[in-house]
Amino acid sequence: MSYSYNRLNKDDVALLMVDHQSGLLSLVRDFSPDDFKNNVLALADIAKFFEIPTILTTSFEDGPNGPMVPELKAAFPDAPYFARPGQINAWDNEEFVAAVKATGKKQLLVAGVVTEVCVAFPVLSALEEGYEVFVVTDASGTFNQTTRDAAWDRMSQAGAQLMTWFGVGCELHRDWRNDIEGFGGLLAGHLPAYANLIQSYEQQSLAHKR
Amino acid sequence: MSYSYNRLNKDDVALLMVDHQSGLLSLVRDFSPDDFKNNVLALADIAKFFEIPTILTTSFEDGPNGPMVPELKAAFPDAPYFARPGQINAWDNEEFVAAVKATGKKQLLVAGVVTEVCVAFPVLSALEEGYEVFVVTDASGTFNQTTRDAAWDRMSQAGAQLMTWFGVGCELHRDWRNDIEGFGGLLAGHLPAYANLIQSYEQQSLAHKR
Amino acid sequence: MSYSYNRLNKDDVALLMVDHQSGLLSLVRDFSPDDFKNNVLALADIAKFFEIPTILTTSFEDGPNGPMVPELKAAFPDAPYFARPGQINAWDNEEFVAAVKATGKKQLLVAGVVTEVCVAFPVLSALEEGYEVFVVTDASGTFNQTTRDAAWDRMSQAGAQLMTWFGVGCELHRDWRNDIEGFGGLLAGHLPAYANLIQSYEQQSLAHKR
Amino acid sequence: MSYSYNRLNKDDVALLMVDHQSGLLSLVRDFSPDDFKNNVLALADIAKFFEIPTILTTSFEDGPNGPMVPELKAAFPDAPYFARPGQINAWDNEEFVAAVKATGKKQLLVAGVVTEVCVAFPVLSALEEGYEVFVVTDASGTFNQTTRDAAWDRMSQAGAQLMTWFGVGCELHRDWRNDIEGFGGLLAGHLPAYANLIQSYEQQSLAHKR
Amino acid sequence: MSYSYNRLNKDDVALLMVDHQSGLLSLVRDFSPDDFKNNVLALADIAKFFEIPTILTTSFEDGPNGPMVPELKAAFPDAPYFARPGQINAWDNEEFVAAVKATGKKQLLVAGVVTEVCVAFPVLSALEEGYEVFVVTDASGTFNQTTRDAAWDRMSQAGAQLMTWFGVGCELHRDWRNDIEGFGGLLAGHLPAYANLIQSYEQQSLAHKR
Amino acid sequence: MSYSYNRLNKDDVALLMVDHQSGLLSLVRDFSPDDFKNNVLALADIAKFFEIPTILTTSFEDGPNGPMVPELKAAFPDAPYFARPGQINAWDNEEFVAAVKATGKKQLLVAGVVTEVCVAFPVLSALEEGYEVFVVTDASGTFNQTTRDAAWDRMSQAGAQLMTWFGVGCELHRDWRNDIEGFGGLLAGHLPAYANLIQSYEQQSLAHKR
Amino acid sequence: MSYSYNRLNKDDVALLMVDHQSGLLSLVRDFSPDDFKNNVLALADIAKFFEIPTILTTSFEDGPNGPMVPELKAAFPDAPYFARPGQINAWDNEEFVAAVKATGKKQLLVAGVVTEVCVAFPVLSALEEGYEVFVVTDASGTFNQTTRDAAWDRMSQAGAQLMTWFGVGCELHRDWRNDIEGFGGLLAGHLPAYANLIQSYEQQSLAHKR
Amino acid sequence: MSYSYNRLNKDDVALLMVDHQSGLLSLVRDFSPDDFKNNVLALADIAKFFEIPTILTTSFEDGPNGPMVPELKAAFPDAPYFARPGQINAWDNEEFVAAVKATGKKQLLVAGVVTEVCVAFPVLSALEEGYEVFVVTDASGTFNQTTRDAAWDRMSQAGAQLMTWFGVGCELHRDWRNDIEGFGGLLAGHLPAYANLIQSYEQQSLAHKR
């Protein structure tokens, strides 16, 4: 039973950001708030950097779930945006699915809150329709580690691939030479430990130039 | 090898609550007592909300294992209830299996104590008989995390799907518009963090009305 | 340097509940939401059971901090309640301090959100004024374990005693014979593991009576 | 792809205890010493209780690896015992394999130290030869949790089932009525929390008899 | 401010075992059941080995708290034993205190369940009366780590010394030559990792004798 | 022995930022990189907000330790800045101490990398000279949790107070009315969970205005 | 669906060491620095001991990623070494792949930094080309445990086997008699706990010889 | 109550290494074996670097406790070395104490196995005699974290200062200029993360020289 490595390809991929809303984010406890905010915004920056079609959706924005995180709105001002009237599984929203199909892509990146519902349900629906689905695990959050473990297992057994924003960025970029400064800047902005390395390096370069 | 997402469907599903007895609950240490109690009762409320046929069973109620949790008895006064005379695997009890079959459902939610025995054994038996089986992982408890990890792996590899009470509720409800107040109340009662969101929201609504 | 054990005495003690508000509770991550809710309500039940003068206070109820938890309002309908106009340290609010002094008690139980601010500040202020101060640690929450550890150390070094709701209840009750059913019921309501013991015990008693 | 639940059957199963030696046990750090000792001896008691053919093996007993745990020797005085002259994978020892085959069983329980070598290697070898293999995970130990996780994944993906001594005992016993006192005693001896339940129960029974 | 190291002295010390009852033990979750059982019995063996006057006490044996652990009863058949009629703090029971005083010892070892109540209260009372108090921390258990941390801090700040059964045994024994076989046997019986060392050592000694 | 609560007072306090250098930051592993970066920058923002005299220092900037974090340089362009030629304890650098004394403040906030050296040494030196010293624990990092625990204990026992950036900000601000928007903005920028609350609140306010 | 255990065979295997560079190592936080250094060097020693063809590769050595760890260079002075000009997936570098193919081996051991990129990408590529791939999990590091869990799952589901350096060494060695001193020395050098066993053993042997 | 910072001074300090024996090291489980070995050897290197009088002692070398770690013997070939005939507290061995006193030092560094006995007992004895005592916490190990926490608390409350080998080295060195290469080399040898920084730095320096 041979394995085929269908890599993320920036021309084949769309990103679905599901229910990153200010109220729902209060429920996320499998990441520290700083880490989670950083992960979500890093994923957004990746999508912009690679010009990946991105689709936003929320549930009950006007109620306790709260509005979509403003940074996401700002990042994707022209992205299709679906405030679902009630469907829990975004894939049950016909307009949302139509938008996904309109991208013409066969690979889907999915991130959202909470993992076992807002992420897992559309992931399983998309798998059924034959999409290659990649869960951006660290831009998806939920109540606790136990819940996450169960959700990851369900999605993985169904055929979804578990990734992280950093892995997604690197698999899309393929080769640093495609834009070394741009991609390096993106990483530095979201990986403080990598930014430190750059800092030390540049300071020393500067010193030698003097 | 295509994947088919057979979602939980409230018309196709039955719930099996296995051995949630006061003595056995003392053995559960992979959840805090508060969390576990809440999870079990949340699952019960979900079953009632969606009017899912529920079957209760216990082992050796009259001995150290203790009686079934009284809240469960109260929640399902008319449910089939089997005090097994000795079978460890509930599926070895013919009356229990007959009751399961009598529901006419093909999807089974299973929760119980302890996970690697009282849950895993009937889960594997039901899978063999062709049921779609969904383990409600957080309403199932056991001695420690290591034991749980092994039990989850065994059930997952056999084809069971690992879920949580919240995921189960959302997959069954499908659309908030089916009963927004009812389902919201259910969640608020079992997710204190969500109740807080509602609280803040309602207070502010009230303020603006004044 | 002799040690004097000035025990909590129900006639000498007042309880201060500081900023248990729906918004602020979203910030608490050193307890699971179920555990924390239970701890706070257990403390409230203890105060009611022993008829301990209780003083409530909040900060910016009308803003993002949200309203006081409704269960607390309901528990203490007649308690002095101070919605502070801006003081972060409740002890900087003259009316609050006046109410504390008006109780005539020399022992103070303090719980609140977040631990290193809303609890620690009035605790340190009260210590300076000569009160015996007992922090109800598990009815006080904050951002994470590191922050909690620092806050506990600061209060402990200043002379505050670190307790928990269960310890407080037991130190106040002194002797089960003072009201065995009342106190037992209180514990059973907030300690699921203890409720299980009672359950098993009562079932067996019943069986023998038959 | 239908699933077949080939349960552990006491007439079909043999137990392989691999390298539980006093020196090697010093290396086990994914369990506390008390827990691990208890788990290993519980498994031994189960094998004796169900009269399961058991095969013991060690590597380099006379060197730093040390002798087999004396309790195991005492438990299985007549069991085939192979002090391997050098083979790391017990399955590379022809006499060991001959003894396994001589049992005529098709199900193998395997436990040992360390998990990723002394357990995993014979497990994979036995799977290749068509045995149904069950890893007794909590009677198998290794250097740390990371190593364990990798070893479990490798064995699980190859088709081994991950179990625990408690699950093994219960799956073999099937029905309490087969020997309620014997099996209960076995559990009480290795599950202090269960022993406590029995204690409370019996004391109360006694009280009512008086 | 000079420090005086008043070591545990076997002629100066008494042991108080408070509320190690089968029901209450179900509540202990800051140790694994195997570890906790071992710790409590190790402490008992130490008391017997050094012939330390030991006083046992329980609360509500006939109710859900359950009977004292039978191993403790068996270990100290002639020890003073007080089934308190209701006092939560054992030190509030006059007979118990009289028995403590009757030992004529000035150093007290205290262990019990649960730490922040059954241990902490008599510890603080005894400190007030001028006793040197040593908490046997690992033979004392409670609901969770947070509760334990608070209880330890309160007792430590009041002047109690935090020890463990192993430290207690070693501080009492002073010199291996006082009874090398007896004390070694005691340790081997309760420290599996130490028993392994002995095993390896003795096997090698034996080999060389041959 | 009465306790005096000498609160942080913005007119009495200076901040010492010790060795937050890009190389040394690579060593910090008791916080996630995202959390630690946020904590350090939050402390810097607090100092700027309250116009607290701030003194910066580094060790061996030109070597592997790397340059001070650029955000700190940018935050305090005019602050005294001492690149120590070799002294490990910043307090051994006369110019640094002179600058501290020149501030005329008696309260010192200290943060740095690594905690047990770059923070602890000047903290102990300053305590000896009679300063009130407050360690900003979460803006100070080190190799691991064990090292941190030891360092915290040493400083606490010497009389330093353990705080966090949030506690520092709140103790300095005293009353929200002093600048509600400014302080709220500061918190929102560094507490994503608090920013979410504000977000939800403002959205709802906006909705009602429409 | 039968399982075939294609064991690691020293004549069939090549080792790929990917991006163990001084800068990138700063990012590894799922192992302690001591543990990780030891694991990487242990793997190198294994490759040398079994004379396994080893291929080294780095990315951007001259930039912040830093040079390959000098111990690896020293260990494999004659190994093919590819400083990739920009390809993130080493398998995208034609020379690297050519070197892999030139080894003529069908089994590949892969280790590197960071796990979800530098390890996972070439692992998936090699699987696609039909290699048997073994991930040396503990000689591969990344940002945190969550990221690691996702990466392991992706590789495992694709068919890679998760191993550790110790498992690799033992599976290659097969039989201690092949070189008992050499292999024992290798283990002693990298397993301090095993070195201790040898120490005790040899001291006792020596004593008996005297 | 003023605080006096009596810093570690290389002319005033002696080091006591207590019972780092191959058998006893098997018992240490509050550090990974790699970490602990590194910590102990780092402390030894510090003592040699600063020419600190060092005293070694062991208990029952010829029995299961095993010989002193050979690296320590090699590090201190001429150090006083006391194989205690039976005293558990090294301070009960008159020759050991005489050797300590003969050093003429008033500051003592103490490290050993296990923390709550072999370290704590001589620490408390030395405190009583007026020494300034510094526990090298990370070169001291014991059974588990709980035991360590209790031991640290007891020693800290008695007046010992909790340090780590890195803190000790830095407090002794005072100023890098005293020997920048020597001390840097020492750190690089025991802090892999620091060695990485040096590596990156030197490579870049070299590059610029070319």
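A, B, C, D, E, F, G and H are the chain letters, set down in written order, and residue numbers restart from 1 in every chain.
By definition in this document, contacts are C-beta pairs under 8 Å (C-beta built on N, C-alpha and C of every residue); 3 or more make two chains touch, one makes a residue touch a chain.
Small disclaimer: the values here were computed from a predicted structure and weren't measured.
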item: Repeat of the B-F interface, chosen from A-H, D-H or A-C (over half of contact pairs identical by residue number); value: A-H
item: Homomeric contact chain C-chain E: same or different residue positions, threshold half; value: different
item: Chain B-chain C separation of Cα centroids, rounded to whole Å; value: 33
item: Of all residues in chain F, the ones touching two or more other chains; value: 23, 26, 32, 64, 66, 191, 193, 196-197, 200-201
item: Listing of all chain pairs that touch each other, if any do; value: A-B, A-C, A-F, A-G, A-H, B-C, B-D, B-E, B-F, C-D, C-E, C-F, D-E, D-G, D-H, E-G, E-H, F-G, F-H, G-H
item: Of all residues in chain C, those that touch chain B in their complex; value: 22-23, 25-26, 32-38, 61-62, 64, 66-67, 69-70, 191-193, 195-197, 199-200, 203, 207
item: List of chain H residues in touch with chain A within their complex; value: 197, 200-201, 204-205, 208
item: Interface residues, chain H side, partner chain D - complex; value: 26, 29, 32, 144
item: Chain A-facing residues of chain B, complex; value: 2-5, 7, 30-31, 137-138, 152, 156, 161-164, 166-167, 170-171, 173-178, 180, 191, 193-194, 196-198, 200-201
item: Chain G partner contacts - residues on chain D that touch it in the complex; value: 23, 26-27, 59-60, 63-66, 85-89, 92, 114, 116-117, 120-121, 124-125, 127-128, 130, 143, 146-147, 149-151, 153-154, 157-159
